[in-house]
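Common to both upcoming complexes is subunit A, partnered first by subunit B, then by subunit C.
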Partner chain A sequence: MSTILEPRSRRLARFVRERFPLENLDPKHMIEKKEVPRHRMSWAYYMGGLALFFLLVQIVTGLLLLFYYQPTVSDAHASVETISEYVSGGAWIRNLHAWSSSAMIATVIVHLFTTFAMKAFAAPRELTWVSGVSLALIVFGFGFTGYLLPWNQIAVNATKVGLQSVEAVGQYLPGEMAHWPTFVRETIQGEPSVGQATLSRFFAIHVIVLPLLTIAALGVHLMQVQLHGMSRGVDALKVKTEKFFPFFVIKDLSVWGVAFFVVAVVAMCLPFDSFLPFPLLEPYNPLGSTPDGIKPEWYFFFVYYPLELLPYWAVIAASTLVLGALFLAPWIFARTTRRTLSALAIAAALYFVVMTVFGHAIYDALKGGPP
Partner chain B sequence: MNAVLRLAIFGLFAVPGSAHHEFQVFVQAHSGRPVNCALCHTSADGPEGSGPGQIGSLDEAERERLNRARAAFDPSPVVDSPILNEFGNSIVARLGKRRILELRSKPEALAAELGDASDLDSDGIPDSREYLEGTHPLMRHHGDPWSLFTHELRANAFHVVMLGLATIVTLYGLISILRGFALRLRARADATEN
Partner chain C sequence: MESQLLVFLLVGLPYMAVLGCIAGSIWRYRTSRFSYSALSSQFLEDKALILGSMPWHLGIFTVLAGHAVAFLIPRVWAGFVSNQTFLWTVEAIGLGASLLALVGLGTLLVRRLTNGRVQAVTTSIDIVVLGLLLAQVVLGILVAVQHSFGSVWATGTVAPYLWSLATLQPNPALVRDLPPLVQGHMALAWILILLVPFSRLVHIFSIPIGYLWRAPQIVVWANPRRFQGVEAVLIPARRYFLRGAAAVSVGGALLAAGTAGTFGRFFFGPRPSEKEQTKLDEQKLARLRQTQRQKELSVERSQKRYIRIAKVKELDAKKGRYFIDYEMRAALAFMGEDGLPLLISAKCTHLGCTVGSELDAAGRILCPCHVSYFDVKTGVPNQGAPAKDPLPHIAWVMMDEKGDVVASRGGDGRAHGTIDPAKAALCDVYIAKKEESSS
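Right, the complex of A and B next:
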């Protein structure tokens, strides 16, 4: 009752004060007194840190790649080949960049599902959640823009398809809004067809715009985590805890060490390109026809195969709804039990895994041929 | 006389000068992977045309090399056709042009004829197997992922062990530093309480 009678400005001030309890911004609270719950879902607390670790690997390897990469249509492919074939340790660094990007996206997705299932977005952690969902979108943006940079057949053709999909949204928007997707596509593409301007813009977005957005969103995300601590994550009233420092930090660091070793060995022994058909690895030929086997990266399969199978409008409507629900989850699911949220998260994870692993087979079965 | 013979050979075999599509069709059907002429040829669009690596762009010396390669009916160690890549040239060198023409009707037999000895890109997968699997025999980073992984793991065993040791030592050092900080914090807290 008192909340209803409270003036709007006061309510807003209280909301901000509760989300930013700056008195907690001291080492005592953030290090000495911080506790981490221990229960059957405790493993999920390592996912955020792991995603951060892979992001750090991305930054370091990305900076090293920048020394040799040439963002021009004439030299991009050759410079990537030079990195892989002639630069000392270049193949390993490039593979490390490619494998850790996939690992980062996989970890971010698991982090998203587990925090949703654990209702970690409940008040006062709404901003942690919203900044986290923003980070997830940014990570997908990194994947989309980074895919074009090697300037090979698959990169350019897949980007063309992606940009055409963006523009196609316009036909379902009313009035003046119908032109917005075209404007977005033209702005990103930079010229009538995918070419030098597109490569320059994708490069700028990949190495400048998205990193700056990451710093902003990650800053809010980590600050919120520090101010509010880890969410309890389960319904049990009494939950065992452990000290964040040094016990959880040591475990977190050990997980980072194992992750580094695994991704470093995989990058050393398994070329990321080995999963692509070889004609697609050739430099892009603007006069050639679109080769077979053009697909986006694996982490876009969950939307790519539905786009191939279902009416475009249905997929766009569903994607918009899901994205809106994700951002507004703290308010939409404020009264939903963790059991229901877990069921939703498991269903979403199942859908993602099935589309990623069996999407091609499902397409073949339904359409009788490759997409 | 020699020049007339060369001209006759060029005239006889330059037309038709197309790639042997039977092999490409077989590899695509067998492996399920899209492949193009770059499997054996210099140009991904095949030998005909005037682009780089195609017949129309060849200079005098390159045409000479092409004619010599076309005259290699029997296995010959010196085949250096400018329209073929290293793998294409190695096939002509090992089998000879006559055998290749015979194999057009049974392209599946090419792998057995090539044997397992040659691995031009040194990726641990024989060229003949790469042909069957539709992966590029000249791309070191391209091949059956599991075969590449096991081959590279064996080749880099020392680096993997050293990487493991470096990771363990670094972790041990960092964890020791953290434990030290934790002990110092506790000591300071105890001192404050007392």
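Right, the complex of A and C next:
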């Protein structure tokens, strides 16, 4: 009750103080005393670190690609080809960048689901959660902008379609506002249709803007984790723990090592392109017809197929709701049990997996052949 | 005579070995269940054991897994190994693993033959099995070296042969002409399978998988004399950490050293051969020309009142010609049923994809992105299509060689002017700037 009677300014000060217990910011607390709970869901504690690891791989391989990549409409595709075919070790670096990006997104999604199920967002960890959801969006932004950079037929057309769906919001807006989405889309593109300006700004967003945003959000995220320690993750009152240093650190690093090994070997043996139904190597041709069955990367399927199948407004409404609920989860689900949260997370994960794996089959079944 | 022996080795022996293995296993399990494993000698000697057993088991497990995959899913596998990088990787891993197995097996053999304590529990069948395994691994390595890329050729020979055995329709012809080295490797494999229930190899059937997640147990010599004068040693966590860190650094250093050549040259940059450079330059020129063409088109559209699309006789009723309209968007030119050109926008009214250029039987154009069919005559999409608005027709002007307007069609779709088919064929089709066509 006292919190309600407190003046607003003091309540804010208390909120900030509780979220930033800076007295915890010393090696003693962060290294010697830090403990990691051990229970059924302990494996989930590795996900955040793993995502961080893949991010590091992305930064290193991305920097290396930057040595040769040329972000112009006439040279982009050729420079990617040069990297793959003529630069020593270039194919591996590029493959690693592609595979590791997929791995990073997959890990981030698992991290999101598991932390939700474990109610890791409960007070005082709201800021960890909000910064985490922002990071997840940033990661999807990386995916969307990076996809365009090789400037091939599929990527350019997929980007066109993706941006055009922004414009489709216009039909639900009244009067003058109906033109705003078009304005937004052309602002993103930098010109009336996807072209050099789009490539330039997607490149800038991919290699400068989003990395800076990542550093900011990740800074908050990691600092919060350090200040508050690991969340308990289960309902049980007494939980066994193990020391963060050295035991958990060693295991964490082992997981990183295995992950690197797997991604490195996969990148060496299987070109990422081999998973796409069409060769990526065809450069974009502005005069040709749009190729059959253009699709975004697999991690957009969960929103892409609903967009194809359901009325546009329904998808937009649902996405807005889900996104809002995600950001506000610490307050919306403050009193929800972990049991319920797990059920929600499992349902969401099921939806994601079904849409990703069977999305195309569902689409074919519902849409059928030509009418 | 020789062929009879070969048939026995390729057909008789396999069935004998498998039946013997099954029958023998049942017999051993029923008569002496507690011996249904390998007799541990870890507390008799543990240093050489770890140096031998670990490499051996890691190596042979990898190699056997490779064999199993190629035999179980030969077609899928053949698809994988058709990728050269994958093939080389598999071959290198296989050879590396078999060398690892060889080293481990050698260590185990030396240990079993020279260590007094281990000798005390060694039976003759142990030696036989070790010797045969050694021979088998050496044969395998020889096969891999002499007749390389077994992962490819085995999918068409050994794999179908094994399937023919498994389906009780033995077809030895599949492997009859393989080199003797390979046939020897196969025969020895059957003999080893036969020996499984009668030797320590039986532990293959009693792999203690539970060890992976049970609490660690350390086998110790319980005799108190062993501990006389030795103080209990507490290994601090720090030492484990340092050891782990050292192992990671050494591994990292090895990795760096191994890949230094490749990644050093990454920064050195590509040095294509003259031929490759020419190819790259040509490619680059082509792309530059494409970019230049785009610019030219847009300049042309801002300056000219009319833009030529094609000769009338070049137009086809079924297959449209792509061109770029005044708004720099793709459009299509057909020959209409009335013998007049039919120009229609190719930018799908749904999400802006470029529609296909060929008409289907019903005279419709398909947008491949979200499957909308547009009637070419009206531009209207089919019922239930994602696109709601029709593709707009584009106004055109027909001019003869002298530049005189012969016929035209406005934005309203009505044609003006007279059309003489014979003369029309000589004319060119143009699109006109907006203010012109509306008149």
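Quick note on the criterion: the second predicted complex is superposed on the first by the 354 of 371 C-alpha atoms of A that agree within 3 Å, B and C clash if a C-alpha of one lies under 4 Å from a C-alpha of the other, contacts with A are read in each partner's own complex, and residues count from 1 in each chain.
One rule holds in what follows: a residue touches a chain if its C-beta (ideal position, glycine included) is under 8 Å from a C-beta of that chain, and two chains touch if they have at least 3 such contacts.
All values derive from a computational prediction rather than experimental measurement.
Enquirer: Clash or fit: how do subunit B and subunit C relate after the overlay on subunit A?
Expert: clash
Enquirer: After superposition on the shared chain, which partner residues are touched by A:I93: those of subunit B (first), subunit C (second), both, or neither?
Expert: Second partner only.
Enquirer: For A:L237, select first, second, both or neither according to whether it touches subunit B, subunit C, the two together, or no partner.
Expert: neither
Enquirer: Would you check which partner chain A:V73 touches, where first means subunit B only, second means subunit C only, and both and neither mean what they say?
Expert: second
Enquirer: Examine A:E32 and indicate which partner it touches, taking first as subunit B and second as subunit C; both and neither are also allowed.
Expert: first
Enquirer: Which partner, subunit B or subunit C, touches the larger number of subunit A residues?
Expert: Comparing subunit B with subunit C, the partner touching more subunit A residues is C.
Enquirer: Touching A:N157, do we find subunit B (first), subunit C (second), both, or neither?
Expert: The second partner, subunit C, only.
Enquirer: Based on the superposed arrangement, let me know which partner A:M268 touches: subunit B (first), subunit C (second), both, or neither?
Expert: A:M268: touches subunit B and subunit C.
Enquirer: In the superposed model, identify the part of subunit C that clashes with subunit B, out of 3-11, 111-119, 165-173 or 237-245.
Expert: 237-245
Enquirer: Would you tell me the residues on subunit A in contact with subunit B in one complex that are also in contact with subunit C in the other?
Expert: Shared contact residues on subunit A: 246, 249-250, 253, 257, 265, 268-270, 285, 288, 291-293.
Enquirer: Sort out for me which residues of subunit C touch subunit A in the complex.
Expert: For subunit C paired with subunit A, touching residues are 83, 85-86, 89, 237-238, 240-241, 244, 248, 251, 259, 262-272, 276, 280, 283-284, 287-288, 290-291, 294, 322, 324, 328-330, 346, 351-357, 366-371, 373, 382-385.
Enquirer: Would you mind writing out the residues of subunit A in touch with subunit B in their complex?
Expert: My answer: residues 31-32, 84-85, 91, 245-246, 249-250, 253-254, 257, 260-261, 264-266, 268-271, 273-282, 285, 288, 291-293.
Enquirer: Touching residues of subunit B toward subunit A in the complex: what are they?
Expert: Listed in rising order, the residues of subunit B that touch subunit A are 33-36, 38-39, 44-45, 134-136, 139-145, 148-149, 152-153, 156, 159-160, 163-164, 167-168, 170-171, 174-175, 178-179, 181-182, 185, 189.
Enquirer: Give the list of subunit A residues in touch with subunit C in this complex.
Expert: Interface residues on subunit A, with respect to subunit C: 64, 67-68, 73-75, 77-78, 81-82, 86-90, 92-93, 157, 160-161, 164-165, 168, 193, 243, 246-247, 249-250, 253, 257, 265, 268-270, 283, 285-294, 308, 367, 370-371.
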